[in-house]
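First chain A sits with chain B, and in the next complex the same chain sits with chain C.
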Partner chain A sequence: MRLLTSPLRRMLSGLLNCCEREGGRPSKCCSLNPHHLLPRQNFSAKPTAAELVRYWHGVFEANRIPEAQESSEYIISYVLGAKTIHSLSASSLSNPLTSEQQQQVQWLSMKRLQRMPVQYVLGEWDFRELTLKMRPPVFIPRPETEDLVSLVLQKSQRSGSPAVNAGHRCPTAIPHPVILEIGCGSGAIALSLLNKLPQSRVIAVDKEEAAVNLTCENAQRLQLQDRIRILHYDACSGSWEQLLPWGPVDTIVSNPPYVFHEDMAHLAEEILSYEDLDALDGGNDGMRVIKKILALAPFILKDLGVFLEVDPRHPEMVENWLQSHPELSLSISATHKDFCGKPRFLHIQKHKAGDSSNKKDFACPSVHLP
Partner chain B sequence: MNASSLFHSTINTLAWRPWLWRQQKFLSPQLAIPLFPVAGKKNSCDLLALNETDLEEQFVRGDGPGGQATNKTSNCVVLKHIPSGIVVKCHQTRSVELNRQRAREILQQKVDLFYKGENSDIFKEKRTAEKKKQEKKRRAKENLEKKMHIKEMQESDSK
Partner chain C sequence: MKPHRSTGLFRSLLANCFHCYHHRYSPPLVKRTGHMMELSIFRHNYLLKRVKPTMPFNDWPRSYHQDFRVLWKHEAVEKYLETLNKEYQRIGQLLNGGSMNEHDRSTLSRRHAHLSTLAATFQEIQEAEREIQEIDSMCAKLDSRDEKQLLELALEEKEIINQKINTHCKKLFQSIVPRDKHDESDVILEVTAGRTTGGDICQQFTKEMFEMYQNYAYYKCWTFEILNYTTAEIGGLHHAAAHISGDSVYKYLKYEGGTHRVQRIPETGLSSRMQRIHTGTMSVVVLPQPEEVDVKVHPKDLRIDTFRAKGAGGQHVNTTDSAVRIVHIPTGLTVECQQERSQQLNKEIALRTLRTKLYQQIIERDFIQTQNARKLQIGTRAQSERIRTYNFTQDRVTDHRLSYDVRNIKDFLCGEGALDELINRLLETAEMEALIEHLENFKSLEGGG
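Showing the complex of A and B:
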């Protein structure tokens, strides 16, 4: 049975107004179809967390909201002050919620019914050890990107190991690494690196002011603002003068927009309606921003190299592109897979001087680690 | 002018050094960095090391291209220890990386218990904790009985 009671209908129309203010593109996300809610006769006067999770799971499912169970669990945990339902004790789950808590659950769940991503609904999300504020339309960090940080940490901390390939340098551990992040979004990568590398400094840039502001806010919340400089800068603008005074940097890291333009239309409604599409769309071959970053590298980069997250089709495409741009003197020194086994991360470094002659004899070496 | 001078930096004598948890070195499958140990009393336990090659990891992520093209919040990690067949599931946190670390910690405890039985530090800790709990209960019961006795005495005095 599906009901929409009139007080809820009033709340829904209030939410539609709110949706426009908070982000989201009303023509896509705020459909005129009423949301299907379930009758609450089965509730006790004060429902428990477990009962509410079941109820809202049912509502989300009835309204074809993806990840109905997870959405319900995250919202109710959040209202109870926990990160996940699994970190709550059995007794917390069977305690009744106050009416304020119930109202908060309702308010947040109505947003999820608008297909707002859970991370925006809660206004926060975790990335590795950090909890970051999230706000539309700034790009929500993906879990794969946590491994990109691991990769940069590993390479930044390695000391004196032999070069994997003859043509690439493996420098000793750098005491005070300076890292440039292009497209910092919410600050996830930059702040994770700062957190794990206490001696490091980060220059984070983004072409969107909303991202610059959010990174700034997150840096301050985590007390990392002293070691980061955040610039409102468009890496595709072609003018690098603004960046040059900050260089040279030890490494460049980026999760640049890499979705192929033709794939954009197939993305979930959550993404299309709420996230900054410029943070996703990499142009026809998904490499528009990747190419700009690699073209910038020789001007500003020292030895550690460039770390990129990419589409699984990109490793070969990037390799070919670098070969056709020998003036950059860059090549892929390693390709790493994400936790789903897809090639996802590239480590690109400068050739050693005098290696260009070898390029004729073999394809640019790429170490594919398992 | 370079980055160092633009930053107001102070010299910090604390050099980073890798943390190794005695014999236990966790290696994530693709990236060979030691995972950081969790602080707390478990550090004093002497547990069997887990070899990454004995582990099989799966992620409950659902279908989809992954990466930027997907925004899924389910990040449950399923970790299997192939020699013993023990499987643990972890979705305690909202971070995949932390769930992976936590899954390895839990698995290590279970594997240790599996192979060592009563000799496992985990078993011994549990037993000590259980004893303490029972002792606490016994004392609380005693105190309650004492209080009730005193109350009875006072009531009979006032009559």
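Showing the complex of A and C:
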């Protein structure tokens, strides 16, 4: 390692050992690029937040850490108790940091130097108006998914939930919508919906125990645990009866793994080294889990339909697949674009009763309460 | 020519009233004969010049409510009030009487209700004046009987009634002038450092000013939400914006808009040659926040810029860049926000700010159209005149609109009592000017006919 004096090297190797214990695959951690730490001569004895941001930005850039400026700003804001550098007051930015704070910045930045995603470094991140705990390897919510929640809110409010006065638009009012989320991860989608729809209830499932635990923890932190049921369940192998503690559900939401398997190798080191790859890999055509979700929909779903986040190539592929499986009686009723203009969200609903393409009638099974 | 002349005439008469009051002519009533002479002189002077009161505002008596009483006694005002009273009675008759359509009836009813409070106050003042007349005649009789105690009581009573009249007069005049419809609104306050030839004087000053307004918001029990805080490379603050909400925020902050100038010797150790007074400026813009319905923004008119990953985006990328920029295509207005970690929240804040700026454009258009002879302009973006100077070397803040000085800059920049007092003076002056303008308009309508 270049440009390190021996005390720094000792500290660095000590930190590396700690990082391995925290998470991430050890093999990836060790095969790191050598760390360049810039000489600290340009520091005053007590650096201010602004000075530290500049310093660590330089270190991250020298080590080719992506989003060097943002990483540095978020870490230092966090240590100072703020969400972003832009929400800090003038005096906070020019106050010198205490030595504990400096050490904390050091500690966190070292993790970032290991290509750990910032959300895991800080152990928390924001999704819409919620702050959620983050922990490797549970999947980190993407900004696109915030719009998926907006879409579900729009459609459920329009169908007459008491939160919004929409009354006459839909013949059936849904007083207490029941929402199923498949692949809840950290609980971002489930908890946002619960927060915005005070009359709703959510069943959140994930095949990874770590995700179930994290969703549980976040639900309790946000005091939403009373209206959510969190199940350890694999959509690809489980039986759908387990999904009916509250009877048939009004809507299914999911951000399922949709990356095409051949694209997995091209993902950034942050993702490959720290996030659960099963939360991303959707098989050869990226549709392995999507198909499973759509296959169980007719058994448990009422009228609002299924909302999915997908790869931009999927809308056409899903449409074709649904047409080749007429027994499901499902079709895409709308495709919505994300903020980059890419087709990203599918709204899939049951065919209406009068459709000629649908002959068989798969009614929901009768409800047994556990 | 006629309306212009009557404008000058009225102002001069009014100024005369205050002039006289200040020099304590004993009867509060204006002596008409005495003033006719001075009147012609003033008339001549004010014919062509833009109107100004004869004395600078800071010579006015501290308690402004006295002035309303004098105003009350003025002939033109009496005439105006009489006209209003007649209108009130006429509307009353119309409403009681025959048929009219629903729309006319509701319009007239509203006007009637508005005038009824005026009429009631008008009557109360007249009654109070009758009471004073009675006391006066009683006092005259008492004098001769030499009953000191009763005399004292009577004078006390008279004083109380005088106070009552003053309050009523103030209420009367305040209800004549239409309120600024934005007074109750929340605001977005923006500060921007000016350009300077060297050093960071503008940026440091901008930082201090932003903190002053933050403290003032706290002092007034408003909430102060920072929307944007962009520091300058050389230190200090380059520009910042905050959303301030609470009771009547716009009413108190509207006169803060404009250019503020600073004069100081920089504190950092420089050679004696450099230790001369530096001048800098910063600008404050205060925008009332519109209701949702006031500004229609169509999604099609917006271009929203966010971090764009190469390739598929979504699950393929992990990013922490949640900054949002919104461009309103028809007007070119651009708003940025990176205040929050959530992109959704940044977008909501940016949209809200955009609405406010669009609204401000609408308001500015309206302001330019209405002719406004007031001295106290609300600082719109078009206002580039210096409204206040902060002189650190002389420890003095001067508001140029009132020609009013405050000592102890440090205390002023704390954004508490000292700033509040200056703002209240500005408000009172503005009210007075609004009233004068309103009466002038009336006079010119009457006189011009």
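Operating definition for what follows: the second predicted complex is superposed on the first by the 332 of 370 C-alpha atoms of A that agree within 3 Å, B and C clash if a C-alpha of one lies under 4 Å from a C-alpha of the other, contacts with A are read in each partner's own complex, and residues count from 1 in each chain.
The rule is short, and it goes like this: a contact is a pair of C-beta atoms (placed from the backbone, for glycine too) under 8 Å apart; a residue touches a chain by one contact, two chains touch by 3 or more.
Note that the structure is predicted; figures quoted are calculated from it, not measured.
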{"item": "Simultaneous placement of chain C and chain B on chain A, clash or fit", "value": "clash"}
{"item": "Contacts of A:Gln220 with chain B and chain C, given as first, second, both or neither", "value": "neither"}
{"item": "Which superposed partner A:Asn284 touches (first chain B, second chain C, both, neither)", "value": "neither"}
{"item": "First, second, both or neither for A:Ser237, with chain B first and chain C second", "value": "neither"}
{"item": "First, second, both or neither for A:His176, with chain B first and chain C second", "value": "first"}
{"item": "Chain A residues touched - chain C or chain B, whichever exceeds", "value": "B"}
{"item": "Touching partner for A:Thr98 - first (chain B), second (chain C), both, neither", "value": "neither"}
{"item": "Chain B versus chain C as contact partner of A:Ile140, first or second or both or neither", "value": "both"}
{"item": "Partner chain(s) touched by A:His336 [first = chain B, second = chain C, both, neither]", "value": "first"}
{"item": "Partner chain(s) touched by A:Ala90 [first = chain B, second = chain C, both, neither]", "value": "second"}
{"item": "Partner chain(s) touched by A:Ala50 [first = chain B, second = chain C, both, neither]", "value": "second"}
{"item": "Touching both chain C and chain B, counted on chain A across the two superposed complexes", "value": "67, 70-71, 74, 83-84, 86-87, 117-119, 125-129, 140, 142-144, 146-147, 150, 255, 257-259, 263, 267-268, 270-271, 275, 280, 309, 311-312, 338-340, 342, 344"}
{"item": "Touching residues (chain side chain B, partner chain A) in the complex", "value": "1-4, 6-9, 12, 14-16, 18, 28-33, 57, 59, 61, 65-75, 91-98, 100"}
{"item": "Of chain C, residues touching chain A in the complex", "value": "207, 210-211, 214, 226, 228-231, 235, 237, 304, 306-309, 312-322, 338-345"}
{"item": "Contact footprint of chain C on chain A as seen in their complex", "value": "50, 67, 70-71, 74, 83-84, 86-91, 93-94, 117-119, 125-129, 140, 142-144, 146-147, 150, 255, 257-259, 263, 267-268, 270-271, 275, 280, 309, 311-312, 338-340, 342, 344"}
{"item": "Touching residues on chain A, where the partner in the complex is chain B", "value": "66-67, 70-71, 74, 83-84, 86-87, 117-119, 125-129, 139-140, 142-144, 146-147, 150-151, 153-154, 157, 173, 175-176, 178, 197-199, 201, 203, 226-227, 229, 245-249, 255, 257-259, 263, 266-268, 270-271, 275, 279-280, 309, 311-312, 336-340, 342, 344, 369-370"}
